[in-house]
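The chains carry the letters A, B, C and D, assigned in the order they are written, with residues numbered from 1 in each.
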């Protein structure tokens, strides 16, 4: 391996000696451990680790490393993944009418602040094509009607497959995806919902926030699951509002929260900071990265 | 009237000339207008005003003022109230097991940071009596069982009436009050709920917040209404949390939010900053007060 | 006047009857008062008002209105301005190397979320031209050296004058402007400083924040004055950080704060929400706008 | 060792294999590692670890453990400390006139939310004695004049020594301590400053915040050092304010921030979450504790 950062994400039943065994394994193989973050869920007796390695001092191949690691992982019942940091992830962004999240993601991508390849934008409307053009990213307009829903989804899926997409970002894509679609890309679809979930699940959160008279509005980025707006939460944020705010004002204030929340969630995913466990997302903070 | 701050709260159908008419009325009577805050709800065509007056330059009596004001108020369909700032409001605090809100309110009261008389603490348990004793406030232990619920509520109500209580603060009182009780003290009972409503209405919000994996927890102070946890929201706040937080940690972090949120709501109520309109609370900010 | 929103900003010595006199004036002229916000600085005995009017019911001309208003304003010593809402303000953005604020402002402008004409971008480097091109805004590259500083400033000034620029936004323009320049555009230059002023005035705030070990970083938008970083503060915000943050991480986290803080300050200025008084900026909140 | 949580804090030059060596050491001794948090400062090439152990499976004595640990620590140049969790720390609180921090700390202590023994309150005024009495904590009134300053400090120091005080909390103690005193209790004095340092170091921060027109006010808890208000920052927080805030309002809003910030800093210290390194405090978050 060349000079690169290798990240392992591990989940397993909690037991004595895990950190010693795992870190000794990598030390013995010649890796320098850049950071090693753990989380023990003592309610479910589950152990989680994110460990980042510098491969500079090692001659080991990926294949040898993984073979060797399996000997450790199997008896300890690891559920694990590894990212070698040598290949940017391919991202597709799905949108409908709303532009603020799209602009924000493309700006970060363009300026090198999102470590990925944005391969395409997919929309059920033709409205935001000019933004794709500005940033020179292919735009696929795939309209959808009730009767063509599954057909359109197949088109989307074919596009994603053809481009080896690793992550789908629903940046205000206002269509419900089928269970089949969701499960095909399990833990690989990030959605932004424009409320602080679980408040105001479903449609029109800003209007309902106005009617309820809340003093905070927010946004939530989560992995898409079969149950709409009930997937593992990655990021949330809120801003204070007052009685002066109309649904229109809330929408405007909310747009800024949505942008930051979705961008952080996508960054955390691309940076291998997340392990999903049931309905909860373990999101490790950056370790001086 | 002596040197005192008089506060009028007004709600009426929106129409041209309201602020000119109202401010001219008070100016003509010799008042100095300290602050004049308005809010127009253009969705419901309703106008709200909070106006604070210095009575120094006037000889007018309360009776004359109110009689005169009625001539303005009636044709314009004002829903109004006035507070002459010459009498502290009487407050009762209701608690069950949890002490942090009680300590906080009593500390602010004792140190002159809550402008009221805390006349009594009422509890369905005897557990927090030592705190009442520390702060030298009467403690009424009124236990409640399923079969004695209404009876106990009558005892509570008699106590409140006998002491001319203006405001009831439910500082983690874990009993549901009857509709009769609630309506008898309409817009005069402030409750603290330990979640950012409408998320996690009902029981065990911290446990459910843990299970849902939220990245924020919060608290909400609201007026008690028949529908539990659905009354007009006065104050809300949240703090970020992580996957590391257990239900116990969330409870601890939440306690600090609950304290600030309830104290601010009570202060805003006592300071005549709130007009309730349907299910929304118009909470005017302090005006350099 | 056509159907438009007229905004008056008024500052004067505090005295009895101001709100009644001002609101009656506009009511008598047939205006509907949309909102009327006041602030009394009782330390300096100064009164501030922002009043928004709907001109629908009036036939009065601007000239007549202003002539008439002067009869009220002169004896009461008003320092005032009026905006008729019938002409977008012309804005110039000045930048150096850093792109995030520029992207953010242009996105808001393009999507109709900043009510102005961005007439040009001026830079002492040619580096961000591609962004100007993307958004189709003229880019003026005016390099500056020590010996050509005043000369370049004259070029800038001529450009601003030739385009009737109403507001200059220094979106990370890393040059110190001369007093002459600053005073020529008094209260018309908004600068973003990448720290929560008055902490870390001057150069390299993120590096100094790291060295000082602060647990918060922030950004400040303020009017530019002769004394660098000491002008009236319009907006500030912060985010929590930890010991893990390097100067590079702080820069990245800070970029998101800078974007929101500068955009809000520019919006508040364009929306006539600000009155400058000495070294303090009175920033009225939106009134249901 | 009985069933208890043992915490090691370690600081050393960064080098390969540290986490493997340290965790293997404790695993080999029979400890269960509850949590293991690291921080690598790559600017200064320094490594920090906080490791929490459950001693349930071990028979080793403290003496044996420490002797054995030294064999690991010495060659790797550890700067380390251990806390066996079997003895509450002794705390002294120093105050002058202001009561809010004192109330807050005593309430948390009384209700078991601060894991320590508050042995005494020391003040240069007799004003807050009633609070000490309420909470049944000894109150030492040690007045100070210019000419008796060193003498009073000696009295304070004797009191602290006589009571084996582990931590001094300056909860708005408005006297400057001598270098001798500070150094005698190095990294054992926590001070609360009522501004978001380094802004408004020194006297009257709220008045200066008003004059500067900041839109945020805050508080900072830090270790006391010879240079006033320049010690390692443990906790900071801010709240938004507006032009409406007077110095008096700022003081009131600030009081709530001061309470939370100081309480969190004291909790973090007592819970062995902090390693001081030069002028920076490494504050590890709780690990599901």
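In the analysis below, a contact is a pair of C-beta atoms (placed from the backbone, for glycine too) under 8 Å apart; a residue touches a chain by one contact, two chains touch by 3 or more.
Just so it is clear, the structure is predicted and the values come from calculations on it, not from any experiment.
The chains that touch chain A as well as chain B are C, D.
Set side by side, B-C and C-D show the greater C-beta contact count at C-D.
With chains reduced to the mean position of their C-alpha atoms, the one farthest from chain D is C. Note: centroid distance chain B to chain C, computed from Cα atoms, is 37 Å. If you average the Cα atoms of chain C and of chain D, the two centres end up 41 Å apart.
Residues of chain B in contact with two or more other chains: 39, 42, 242, 244, 246, 285, 287-288. Contact residues of chain B toward chain C in the complex are 16-21, 23-24, 26-28, 32-42, 57, 240, 287-288.
If you check the complex, the residues on chain A that touch chain B are 39, 42-43, 196-200, 211-216, 218, 232-238, 242-244, 246, 279-283, 285. Chain B meets chain D in the complex at residues 99-100, 103-104, 107, 111, 113, 134-135, 242, 244-246, 249, 252, 255-256, 260, 263, 285-289.
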